[in-house]
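Same chain, two partners: chain A is paired with chain B first, then with chain C.
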Partner chain A sequence: MSSIPESTGTKTAIEIKGGKKRTQTQIKVQNRFIFFSLTPIMIVFIVFSAIPIVWGLVLSFYQYNPLQEHSPFIGLRNYMDLLKDDVFIKSFWNTFKFVIIAVPANIAITLMIAIGVNRIRNNMFRNLFRTIYFLPCIAPLAGSAVVWSTMFNKDTGLFNVLLNFLHMPGVDWLTDPSLAMYSVIAMTLWADMGFNIVLFMAGLDSIPKMFYEAAELDGANPWKRFWNITVPLLSRTTLFVTIMTCLAYFQMFPQFQILTNGEPQNETRVLALNIYDHAFTYMNMGYASAIASVLFVIILIITIIQLKLGKSQWEY
Partner chain B sequence: MGILGGIMKKKLDIPYIILFLIVSMGAVIMFIPYLWMVLSSLKGNHEILSGATNIFPQKITFEGYKTVLNDAPFIRWLINSLISSTLITLATLFTSALAGYIFAKFKFRGQKLSFILILATMMVPFQVIMIPRYLIVSDLGLINNLFALIVPNLISGFGIFLAKQFIEAIPNDLIEAARIDGAGEFRTFWSLILPQIKPALSAVGIFTFMAAWNDYLWPLIVLNDLNKMTVPLALVFFNGQHLVNYNVVMSAGVLIMIPVVIVFLVFQRQFIKGMTMTGMK
Partner chain C sequence: MKNLKVIWVVFLMLLLTLSACSNSESTSGSSDGKVNLTWWSHDGPTFVKANKKFIKDYEAANPNVKINLQIYPYDAFVQKLKAAYASKNPPDMAQVFGSWVPEYTKNDLLSPVPDEMKDWVKSGFYEPALGAYTHDEVPYGIPQEYNIENGGVLANPDMFKNAGLDYPKTWDELITDAQKLTVTQNGKIQVKGFDFVNYDNITFTFLSLILQQKGEYWTKDNQVNFSTPEAVKAMDELKKFVTDYKVTNLRDFGGKLDTSDLFFKNKAAMVIRGPWSIAEGKENYQFEKLDYIPMPSFTENPPYFAAESGWGEIVAKSSKHQEEAWKFIKYMTEKENAKYFNITTFTVPANKEAAQDPEFLKALPKMKASIDVLPYGMFIGIIDTDFLKKTINDNFQLIAADKVSVEDGLKKIETTINQMLNK
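This part shows the complex of A and B:
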């Protein structure tokens, strides 16, 4: 066992006889495997993810426009300019407005739907409902936005045709400054609720039935059962779903660009759209990177909150 | 039997019937945009141009579909999406499993650091990454090239993370046994590790494919040639050209949705399992 000739004989022979003891050759083979497998992966990762992140943050300190020859270092000027940029400030608050309205609405509606669908006793119908509610999630958001833009059309769109049918005046869904954001929110909710419904349904399934049976025996009404059993025992799922929805909604882009492109009067201009326009319409990539860094900080804060909350006690 | 039977047995459970009706109504509302899309796609050009405000087509025609298939490189768009999404998915599955295996079962210098780095980049918003990534891709001369979609997406932090979690659960003795049997490192990975983590891989595969197929922002940045576009981007572009005769755009929408819905219905079970599995991790 111990007298394996390390320098002679073929490599395979050593590996076979080497058993659990890692011989010099075996380590060499493994190192080569690690090196050749991981190097290409890490190169792609570094070139297309790691470097861009660092570069993106660095770019925010430059006045960078790829069409111009000089791109001077301007320190914090981009950030100072942000504070004076009314459109940026508006897009900042618009983003929060969107998240603050759309996320709770999403959570409340998806939780109710999940509870409702979960109570359907017939398996076939339950699965059918889940499929229908989930269907919009598999379509590209951009495609759904296109369909909804025709539904929102002032003259020929579905919503106004229905209103006219009921002898009510049509509504400027996407051009009325006080309404446009809510129209985008409605479309977003339709397109995106399915994920959370499925997650909530799985969460509900994992609550032991005996809790409800015991509560029912004690005479707790459905409302009490909801608040005292469902809500606390679903808190882990709810936290996860809320955080994920928040993170996604802060970065939402396609429907804002397609439905309204930030109009009317910048009422639906959100940070993601603002970044895109500065970077690729006006080619102010330094300035766009500064806005992106602001978005990064927001996302970072939410992630830290998630990590903090996720560590507390949730077991039952 | 069936739903009515279930209700009858319980002597007309009124709250349950109300619940059933509400859930059904919600489902109908969710379905309306699809109905609208199909109905609009069947309207004729003339009907659309006359500005008629009927929801159901006056006369069912396939003019919209003909325009899409004859006047637009529709098949080209489908092929572009199919090629890029498939390549991205296959590559991601391979690199996720391989990197996951190495991070889970080997020790080397810088291992922890590189894994944390990969995890950390997952949370960075794409808006930060996209500008430098665009500059890099254009330096590589890949603008307007499908490879601009594929190359940056060959790896996935989420995929590597998930694969690592699953591979850590495989006993070391099993791997050691394969080595004693003379299997090379890659053979061990390919024929021992891969089959063990099939559930994780199917979840990663479904999500990667869907994300690649539905992606809009990155293709919007790197593709502007009509013949190079992927489906969602082309649909939006097409919409800009046919704002008035929306029957054409809706026809394109229907043609795009049909394969997606079929694929979803076939893989529905794995899909939902994958979502809850990865979501609750």
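This part shows the complex of A and C:
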């Protein structure tokens, strides 16, 4: 009998030793797996995101032109010049105007549509509507902009043809300085709604039905249910959608270039378009990098603020 | 770990192979005893046609030379060329637009015209066409085109006939005719009497009005001066076309249609535009019932104007076959070939002999107004013309919309451009 515990004791020690070895090997295998799975994405991130951001920030302190052998270091001069550049200042405010109008409009419209589509009981119709609303997202933004530019045509475009049909005068959608920005916003909203509708629908699906049932039993009307249940319980999705839409809209470029190219009177010139023109039309890469750095800082600050404000402490 | 090492070795070898590929000689060589020249050009069909003919004829006469023409879409071409020069791997020759060239000459990237050709180039080609190709009085390229936006006006003969008008001979007649030809409905202009409000012609018309008053816009220290009485008068006159004469407006600026498109769609009776627009109208609208009439001078002086340098040929300083490249360029820019190029591409000759040859006007009679004013042209100056036009256009719109005064707008143009020139 006495040998049994001894032998058991020896076996246990071996097992422990073997177990330790196995654990170490397992850790090694796991580390190797982590290394191999993360390396490609890290390389992609470093090469295509981190290095260009740092490189862009560095370039903004130089008078850089790729054709020049030596680019002089000019310190903050590019940034000082920005303050005196009317076109930059105009594009700065235009970008904010676009984001301030287009982001809330996008959130409000997509949320309403998502709620509407979510209420359809028939799965086939629900999916059909979801697909229809998502369709514009499949087309490249540049392609959609080309199509919309024909619809905005003041002589033969769809919108003015409809107005004329209703005996109303045509409108200069893209060449009237007071209207052009709103025309671009309308096009952007149409082209960009699909993603947010899908995200909001997923968010709505994840809200437990019991809250609505309880509210209904308590006699809450649809508005109260929306305001007191849907809005707060959808806040995480709303925060995500708002941040992503803001990020995208601050960087919007193709529709501005194709529909108006910043005209009339620079009313639709946004920062991204300004960066492009300075970098590739005027070959002033240092100055373009300074504008890009300003845009980067704006986006960073706004994202941090949104994350702080939108922190939610609940779960269900 | 062994596997890991193997993977890294393979990865490094792959990188090495790729870098070896990118460093390989891709421009020129002479492996088969022939001199291989690479020539880049944009894909305009008429340009390609003329270039291919030159290559065919030249190779037949010079069997030791092989020219490889590579064509690119216009927008991609500009960027591709910059990238090629920036990466020190440019083509031997390139057919470029003049306003691109100063960036390359300034950075010592181009081969100068050989000494034995310099006098021929300086005396045989118009100064405005040669301007952007010249750096420190040394030509670094040979122009094929005298790029001209002034001198001629697209005129609709039917509209003149219906209004019982003759073509204008003086500035006052131009305004009177334009007013009579303008059709307005419900306060909106339906047919513009005279239009210049497009990306190029606001600037070129403005500069020409300054020059026609014998004014200047360059200072001795290479700054622009738009505070002169001549500049104020010129800008004030342009503004009046919108605000006082009411023969045009800003409605189409920045839109999809150029002023020449408006003309071909019968929405403008007279449009100041370069003669290239005649060919565009024929190709895009099958519109041939037009006249290209001389633009009257703003003053008693001849119709002076400023022009930027047009299409022409450059050779890379890093090319191993600069001598052969220049020989080919000389061949295609001499009188007969230059004339063929300009007739085929519907461009104004930069070569004086070709422009003055009666055969040229016989082939392209509508070019007469342009050819007649060539001696009055002067080079616009070494400046980023895209930036110049953008700045003038931005401020002209504000001036014409009465958002800023003529003087303030001109001061803004001057400050912005000088700020750019000082960079």
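FYI, the second predicted complex is superposed on the first by the 253 of 316 C-alpha atoms of A that agree within 3 Å, B and C clash if a C-alpha of one lies under 4 Å from a C-alpha of the other, contacts with A are read in each partner's own complex, and residues count from 1 in each chain.
Please note the rule applied: a contact is a pair of C-beta atoms (placed from the backbone, for glycine too) under 8 Å apart; a residue touches a chain by one contact, two chains touch by 3 or more.
Bear in mind the structure is a predicted one, so any value in this text is a computation, not a measurement.
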Using the superposition on chain A described above, determine whether A:280 touches chain B (first), chain C (second), both, or neither.
both
Using the superposition described at the top, determine whether chain B or chain C touches more residues of chain A.
B
First (chain B), second (chain C), both or neither touched by A:132:
first
Name the contact category of A:199: first (chain B only), second (chain C only), both, or neither.
first
Which of chain B and chain C A:211 touches, first, second, both or neither:
neither
If we overlay the two complexes on their shared chain A, which of chain B and chain C does A:175 touch? Say first, second, both or neither.
second
Just to be sure I read the superposition right, which of the two partners does A:261 touch: chain B = first, chain C = second, or both, or neither?
second
Have a look at where A:66 lands relative to chain B and chain C in the superposition and call it first, second, both or neither.
both
Who does A:149 touch here: chain B (first), chain C (second), both, or neither?
both
Shared chain A footprint, chain B vs chain C, residue numbers 66, 149, 153, 280
Please name which positions on chain C make contact with chain A in the complex.
4, 79, 82-83, 85-86, 103-104, 107-109, 186, 188, 250-256, 384, 386-387, 390, 394, 397-398, 401, 403, 412, 416, 419-420, 423
Per the touch rule above, chain A residues touching chain C in the complex are 32, 63, 65-69, 81, 84-87, 149, 153-154, 169, 172, 174-177, 260-266, 277, 280-284, 287
Which positions of chain A touch chain B when the two form their complex?
12, 15-16, 19-20, 26, 29-31, 33-34, 37-38, 41-42, 44-45, 47-53, 55-57, 59, 66, 113, 116-117, 119-122, 125, 128-136, 138-151, 153, 155-156, 158, 161-162, 164, 190, 195, 198-199, 202-203, 237, 240, 244, 247, 250-251, 253-254, 258, 271-272, 275-276, 279-280, 285, 288-289, 291-293, 295-296, 299-300, 303
Where on chain B is chain A touching in the complex?
2-3, 6, 16, 19-20, 22-24, 26-27, 30-34, 36-37, 40, 48, 51-55, 95, 98-99, 102, 106, 108, 114, 117-118, 121, 123-136, 151-152, 154-155, 157, 176, 179-180, 182, 184-186, 210, 213-217, 221, 231-233, 235-236, 239, 246, 249-250, 253, 256-257, 260-261, 264-265, 268, 272, 275-276, 279-280
